[in-house]
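The two complexes that follow have subunit A in common; it is paired with subunit B in the first and with subunit C in the second.
Right after this comes the complex of A and B.
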């Protein structure tokens, strides 16, 4: 795999090694953050899914009870009140307001139901008969609608989370820091390290060579001096008389001077 | 992403359903009629005679045009008639909720959201 992703086109210097190292660290941090975000969202998502399932079942029961209480009303009133109810509906008493909840930087709306006081469109409904049943029916339906609102907020959160998780997972994958950037950077670091080691070895070898040559030169120089000294001693011992009467050189005499070579 | 502006004004619930469901929900107090000349109701009563195109139009009106509806309740057997529109509606607002009616018990198999749930978990 390391061969497939290649490496960055950099010069193998210590500076770029430092750059690459910080880049690797950044990529790893970023990747793990994204992954953690995705995991947190997925966890939340599963929880919401489970709660949707529960709420849907609950809704089935609640709506059944509500329908039953409506049947009670029709029985008590002795006729259809549908038309009357539809005509008298004017202002919504039962409203929702949306709140926000923050999950890993994703805003999930949450509906909250509330009833607006002082609005009652059905003051006259069931005035003749069945008023009590109608009152009970209204309460039952209000509870049912509360369940529905709860379910609606779960569902909205579900839809939004679904979308966000898709985006985040796509980023985790397509950014593919895991499969491209991180190995690539690692490769580059390896390459730079090996090149630097190579340079180190070369340098070491060169220094060794230099010092070896110096030693050889020194040894040779020592030997020469030693030899010259020995020769001088031997000459001294052999020609003591000669040495006693050293030939005084006539410096002003006709003599070939040695050429001075620098 | 849902910004505050998109759902700040959404306070109402809307309903498309048969007469009993609508009556019950209106009794709970969700009914709202806008003031002014072009009074708009936030509910639609569907019976056997109602045209599918009318339901479709109401659905579009509640989901696309009106900006004050937070939750749209629709009877499942009616959603079944405009299944394509319900399934293709994917926006978070308003939340479209399929509810059972008196004559048609709730079938989780048909719910567009539960369908997505199942598809996601590969069941």
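Right after this comes the complex of A and C.
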């Protein structure tokens, strides 16, 4: 009855049995939900890890190409255009939008990049020489930044998911409704059931006792009445010749017939 | 006749420059450089030509530092030449620096327009474009002040006068300002070598050829680079230098060109440029605009071909004597050399060896 984990301190009543049953059901549903959530998150987590790996490899390649196109620019222009580009850039052409994605109740931020068309602040840079290289370099770097944004989005999701999965797993495993709450509740239900059965059995015995007693009482009462009647009959038989003549008993009358005892 | 008295004033400078020319990297040096595995190897290979200038670099220096040191050497040699030159040669050398001054002034104007502390920009200025009143430019805090009281004092004042007002500085894109100045500079330089009595001989021939090429190159580049920008055709036309092989018919056609084919048509009168356009496949309207990134014609872009042509012209300048034009040619060769070495070391540093041969060597 008591088991390893003990039971809840409740009175073994039907009400608390109902409570315990709903509690067990809740615990089981919660547990399976948590487990499913943890599985879903882990699946997502693995997918993100794989995509981060891909994105990082891609970033390596893209950044290399971008850095090389900058070398091409410095070859073609033959000087430093950095300052000029910095100063002439007034509006962001490449922008990032943040969204939220819901993965089994966890909000993951997602960054989305888009280019603002029509913003072309340093289109004239390198007008004299190297303009085409500069424009191409800009395109290459825009692609590189795109990859970086993608990677940033993945990495943020990775961190958040990591944290959430840890918490969920702790709830699934450590706090462990599986190993503590559910057995405990089950134990309690078993206890309550057995107590209730016990009560039932006691009640039944008591009832049996009561009915036995009643029977005995009835039998005693019957015997008493019988004795009293016999006595009356005997008295009647003695003084009946005198007394019984004047009034003949109405046989069909309402009065009860005396039992005929032989 | 010109040889008779040239050496009185210009002989020493010319001799020095011919000496400098011999220290330029040759094809052999370049093939050694392309074999290098690290920047340190490159440094080692450059040792004989650059010597002390590279000594202070840390091991495996960044490419920009390497280029900076090489430029330092160019600057110090040029300063020595300036110090040794007199008379018309000195004036000629001064003209050479105006191009760099234009870049510096454009830089400072950009800084002033955006209300930056222009003193920080002085370090970024090209040392060859340095002139005494350059730091004074930093005094000006707004563009009107800059124009009225400061720019007037610079050697470039004539180039501003008449073509740019102070409102223009404020409103026009700095690139347009820069190219306007450069156009005025080229025309002035051309005029100077054409009319100066000391340069009547070989200098005039060489320099007008080179400057005409430079003018055409700028016109073509400006046209090509302006496609797809807000630069209107009238504005574009104002940026074309008013001399050169293309001027006036070619320039007119360039100003009307709306696409690459238009440009190819405009330059088709000059056989050199036509062959360039044919080589990069632009005349057929093929893509790969300036395709250093894998365009047609074994990766050569139009810019590459122009550089190549410029280098060949500069090389031939050394076949002439009694002219300060060799200084111009030497500077151009040296600049190309710095670009080449930068390119090679970038390729080495970034491990992109397949494109390492994309430099221009003429010796």
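Everything below uses one rule, namely that the second predicted complex is superposed on the first by the 192 of 262 C-alpha atoms of A that agree within 3 Å, B and C clash if a C-alpha of one lies under 4 Å from a C-alpha of the other, contacts with A are read in each partner's own complex, and residues count from 1 in each chain.
By our rule, a residue touches a chain if its C-beta (ideal position, glycine included) is under 8 Å from a C-beta of that chain, and two chains touch if they have at least 3 such contacts.
These figures come from a predicted structure and were not determined experimentally.
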| item | value |
| --- | --- |
| Side-by-side fit of subunit B and subunit C on subunit A, or clash | fit |
| Partner with the higher number of touched subunit A residues, subunit C or subunit B | B |
| First, second, both or neither for A:64, with subunit B first and subunit C second | both |
| Subunit B versus subunit C as contact partner of A:14, first or second or both or neither | neither |
| Which superposed partner A:133 touches (first subunit B, second subunit C, both, neither) | second |
| Partner chain in contact with A:76 - subunit B first, subunit C second, else both or neither | second |
| Closest approach of subunit C to subunit B (Cα atoms, Å) | 6 |
| Common interface residues of subunit A - those touching subunit B in one complex and subunit C in the other | 64, 67, 69, 71, 80, 125 |
| Residues of subunit C defined as touching subunit A within the complex | 63, 103, 106-107, 110-111, 113-114, 116, 121, 124, 126, 173-176, 178-179, 182, 217-218, 221-222, 224-226, 228-231, 239, 289-290, 292-293, 301, 303, 335, 339, 342-343, 346-347, 350-352, 355 |
| Of all residues in subunit A, those that touch subunit B in their complex | 49, 52-53, 56, 59-60, 63-64, 66-67, 69-71, 80-82, 85-86, 89-98, 100, 106-107, 109, 111, 115, 119, 121-122, 125, 134, 137-138, 141-142, 144-145, 148-149, 151-153, 155-156, 158-160, 162, 164 |
| Residues of subunit B defined as touching subunit A within the complex | 1-2, 4, 7-8, 10-13, 19-33, 41-43, 45, 70-71, 73, 90-93, 95, 97, 99-102, 105-106, 108, 111, 113-114, 116-117, 120-121 |
| Complex contact set, residues of subunit A against subunit C | 64, 67-69, 71-72, 74-76, 78-80, 83-84, 87-88, 120, 123-133, 136 |
